[in-house]
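Next come the structures, one after another.
In what comes next, chain A is part of two complexes: it sits with chain B in the first one and with chain C in the second one.
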Partner chain A sequence: MSWFTDWAAYLPQMLVGLRMSLYIAFVSVVLGYPLGLVLGLTVNSKNFAARAISLAIVEIGRGAPALVILYIFYYGLPKFGISMEAVTAACVGLVWNAAAYASEIMRAGFQSVDRGQLEASNALGLSRRDTFVRIIMPQGIRSAIPGLMGLAIQMFQGTSLAFAITVPELMKAADEIGGRNFNYLETFMLAGLCYAAITLPATWITVFFEKRMKRAYA
Partner chain B sequence: MNTHRLKTIGALSAAAMTVAVSITACGGPTSASNASCTPKHSGIQTVTPGKLTVGVIDIPPYSSYNSGNPTGVDISIVSKIAKDECLAVSFEQASYADAIQSIGGNSIDLAVGSIAVTATREKVVDFSASIYVESMGVTTRIGATTVAEVEKAGGKVGTVEGYNEIADLKKIFGDRLITYPSSVELKADFDNGRLVASFDAYGVSATEYKGVDGVTVALGTAKPDPRISALTRPPEDGFPLTKDNTSLKQALDDGITSQHQDGTIGKLLTGAGLTDALGNVSKTQYVSP
Partner chain C sequence: MDALFAVLQGLPLTVVLTASSFAIGLVGAVPVALGLNSHNVVLRMSCRLVVDLIRGVPIIVWLFLLKFGIHIGTFKFNPINAAIIGLGVVSIAYLAEIYRGGLQTVPRGQFEAADALGLPNRASLVGVIAPQAFRIVSPSIATYLVGLFKDSSIASTIIVAELVFQSQSFARQHPTGEGILPYIIVGALYIVLSLPVAYASRRLDSRMRKAVFA
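This part shows the complex of A and B:
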């Protein structure tokens, strides 16, 4: 049998896994980015407790490998009586990871806004909240968008780690098929193509947006 | 002065790194062969002449890399064969996936770690003669000894990816069945209380839960469930090796047969806390579908 014939046989199981990978990536981004925005703001808070907690969340989320976080959530927390389903644990772990990175991207975006605009807002008597919501955030988020889109692609790729905590996603589907027939090369090649089918168009969209935004700023 | 010192530290670090990388690149522990030794078979082809390179999958008590000091039933069998063939042995840590790729890519000669001989796998690699029968263990905290009893008890059950019985277990348990990358994760989740039962290789579970109160490990083949073909006709395990390496296959086959006949394999199994009945393989190798 040729690779293509084998791939046709593997594809249905792979697509079920791909759907799960997309679901986890979607949850990570949809919940992780707003949480990242909150963390990006509280990291600079004047309140020491809020600042310290946010900083700890961000630094652990960025510093610890996502796989370690997933293992802790799924295999570690039950020791303390907290037991989650594998998919829930994967979502929680990757939301944390996404939030930590997104917070830094957004913070960098906010800081890229010209300081003169802040001074102008002060001169106009705008409140701190109005200055942030009307002046800083729209421009900061705009410059953070390419980074956030890139992060979304990384999060999708990162869903492959959920395989280690028994989530039936794409990588696990490939591993199951490979374990049955020992054709690991052709199985993982197909898994790679499935990932690429999502990440390549997503990368092109990111590049397109970057170009559009450069033109808008020009 | 400081710059000079930093340069010195940098140079020493680079040298240390180079040495470390070189040592790592040389692979795992190697036992030397004897130059005056007469091999039982001549002209055995190996990846590195005079050396048998073995991928070790962690699945105690069958094989464990054990931080560079491999132990286990399979390790003892392979080491004896290598000694009889006057070959040095080099052990390298491996997983199921990379061991098979490494055999195909001629990086290692064979892999050890309770690997069932199946018709599908034989399309990719050759297998040595059968070493022992692979029997599934039924591990529970509720005293269940059969799959049917576990089925009635309800709750989630787990097994390890790549095992032959997965398809049949899936039919019985459906979404209640969770598959794990290895026995380590399966045990972690069983210990966490997520699983009512764990279906792992009997040898693995018997070792893991030896002397643990409240946990029962039953031999799946003792009261075989007719719905699981791997229990009614359990698979036999062999060493996967490079396809068409007939000289190595012959040496392995003869070595294993001889160790069956002189009782070595039986003793190794009982020494590992298992029953020597697992060593009763069929005369003509049984290849699972």
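This part shows the complex of A and C:
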């Protein structure tokens, strides 16, 4: 099989790109999820300004395609003198994206916590803050975990959009190799397999977690 | 205003891409969902692997694969066909997963009752199971449609002249301060145009709920 020998030859360059993809995905999850938690709380805030701003951040982050957000950061902002490197723009855009989706997943998780828990902690005289930090959050996050794992997989796939703003990630590596040998079928297939090599096991782990959590509650 | 009109030129293609690939997905997902629920282990496992594989590879890879990779004799996909087929195949995989989830929420008793009434397999699936499953999954399908509408923007990377592509070309022609405008317009357009779908889905859902419980 000459394809396999070809693939073996391309693999080192692909892996360099894959590392960049993983790095961007890592940044967007590590920064995006805590930001999502904050947004999930401020969306329900009593302060009107805080509520309006966080609602706008969440709705734009979820409603506009990630590609458009990346374009705004990479091609749009430099026209106002705010220019950043492609990788930074990709990270900022995808962090926004991840935070917006994560905030919705976490909010749903918090809402799924039984009302009795809230009432019980009120009856025990726990402060609002203790009620949230010690009672609601631990249980809510727990039920949000499968969703957050799924989102992480989506974010990893979303890093492929950074190709459109010239970030040297996996797709870019494949495109460069394809441009040299003109065998795009072969190279993009290898790129797809590289993505699948990460996402397939990750999906199976997520499904496993989902099933386990269902069993734990049943 | 110029920017808005320039961007809007891409709207028809975005709608065509979204509608055609959604149609492919709605129909194509039916056999795949049945395969995912099949009693035959080999069939079920192979459907699962294919669905996971399609969902596990980013859409942009599928589009590039179809646009630049497929080269049979003199045949090549034009960008629009490549985008429709790519998005359609991805839709099949995602919608099959949604259908499968819906089929599983229909209580076993419904299958058994249909059997007991002597309904042939096909009639029980079409007349008994599918309507109940559809009621459960219709919000998920609407959510997927909104997602697909946004994902159709990826077709701009293989030079399909849809919304994002038009906004980009307008921005290239106006390299001054107003160059950011088309991107903001196109982002707002996606958000605004998603609203009717969400609204219609909520209407449909509440109507079907009434039909069952009233």
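Here is the rule we go by: the second predicted complex is superposed on the first by the 217 of 218 C-alpha atoms of A that agree within 3 Å, B and C clash if a C-alpha of one lies under 4 Å from a C-alpha of the other, contacts with A are read in each partner's own complex, and residues count from 1 in each chain.
As a convention for this text, a residue touches a chain if its C-beta (ideal position, glycine included) is under 8 Å from a C-beta of that chain, and two chains touch if they have at least 3 such contacts.
Given the structure is predicted, the values throughout are model-derived calculations rather than measurements.
Enquirer: Return fit or clash for chain B versus chain C, each positioned on chain A through the superposition.
Expert: Taken together on chain A, chain C would clash with chain B, as the superposition shows.
Enquirer: When the two structures are overlaid on chain A, which partner does A:T166 contact: first (chain B), second (chain C), both, or neither?
Expert: first
Enquirer: Counting residues of chain A in contact, which comes out ahead: chain B or chain C?
Expert: After superposing on chain A, more of chain A is contacted by C.
Enquirer: Could you tell me if A:N181 is touching chain B, chain C, both of them or neither one (first, second, both, neither)?
Expert: first
Enquirer: Could you say whether A:K79 touches chain B, chain C, both of them, or neither, answering first, second, both or neither?
Expert: both
Enquirer: Is A:I145 touching anything from chain B or chain C once the two structures are fitted on A? First, second, both or neither.
Expert: A:I145 contacts neither chain B nor chain C.
Enquirer: Output check: A:L67 vs chain B and chain C. Expected answer is one of first, second, both, neither. What do you get?
Expert: Second partner only, chain C.
Enquirer: Where does chain B run into chain C after the fit on chain A, at 94-102, 148-156, 220-228 or 274-282?
Expert: That would be 94-102, the one stretch with clashes.
Enquirer: Show which residues of chain A both chain B and chain C reach, each in its own complex.
Expert: Overlap of chain B and chain C footprints on chain A: residues 75, 79, 163-164, 175, 178, 184-185.
Enquirer: In their complex, what parts of chain A are in touch with chain C?
Expert: 59-60, 63-69, 71-72, 75-77, 79-80, 153, 157-158, 160-161, 163-164, 171, 174-175, 178, 184-186, 188-189, 191-192, 195-196, 199-200, 203-204
Enquirer: For a test of understanding, state which residues of chain A touch chain B in their complex under the given definition.
Expert: Listed in rising order, the residues of chain A that touch chain B are 75, 78-79, 83, 86, 163-166, 172, 175-176, 178-185.
Enquirer: Which residues of chain B touch chain A in their complex?
Expert: Contact set of chain B toward chain A: 96-97, 100-101, 104, 120-121, 123-125, 158, 161-162, 166, 178-181, 185, 188-189, 192-194, 240.
Enquirer: In the complex formed with chain A, which residues of chain C make contact?
Expert: 52-53, 55-62, 64-65, 68-71, 150-151, 153-154, 156-157, 164, 167-168, 171, 175-177, 179-180, 183-184, 186-188, 190-191, 194
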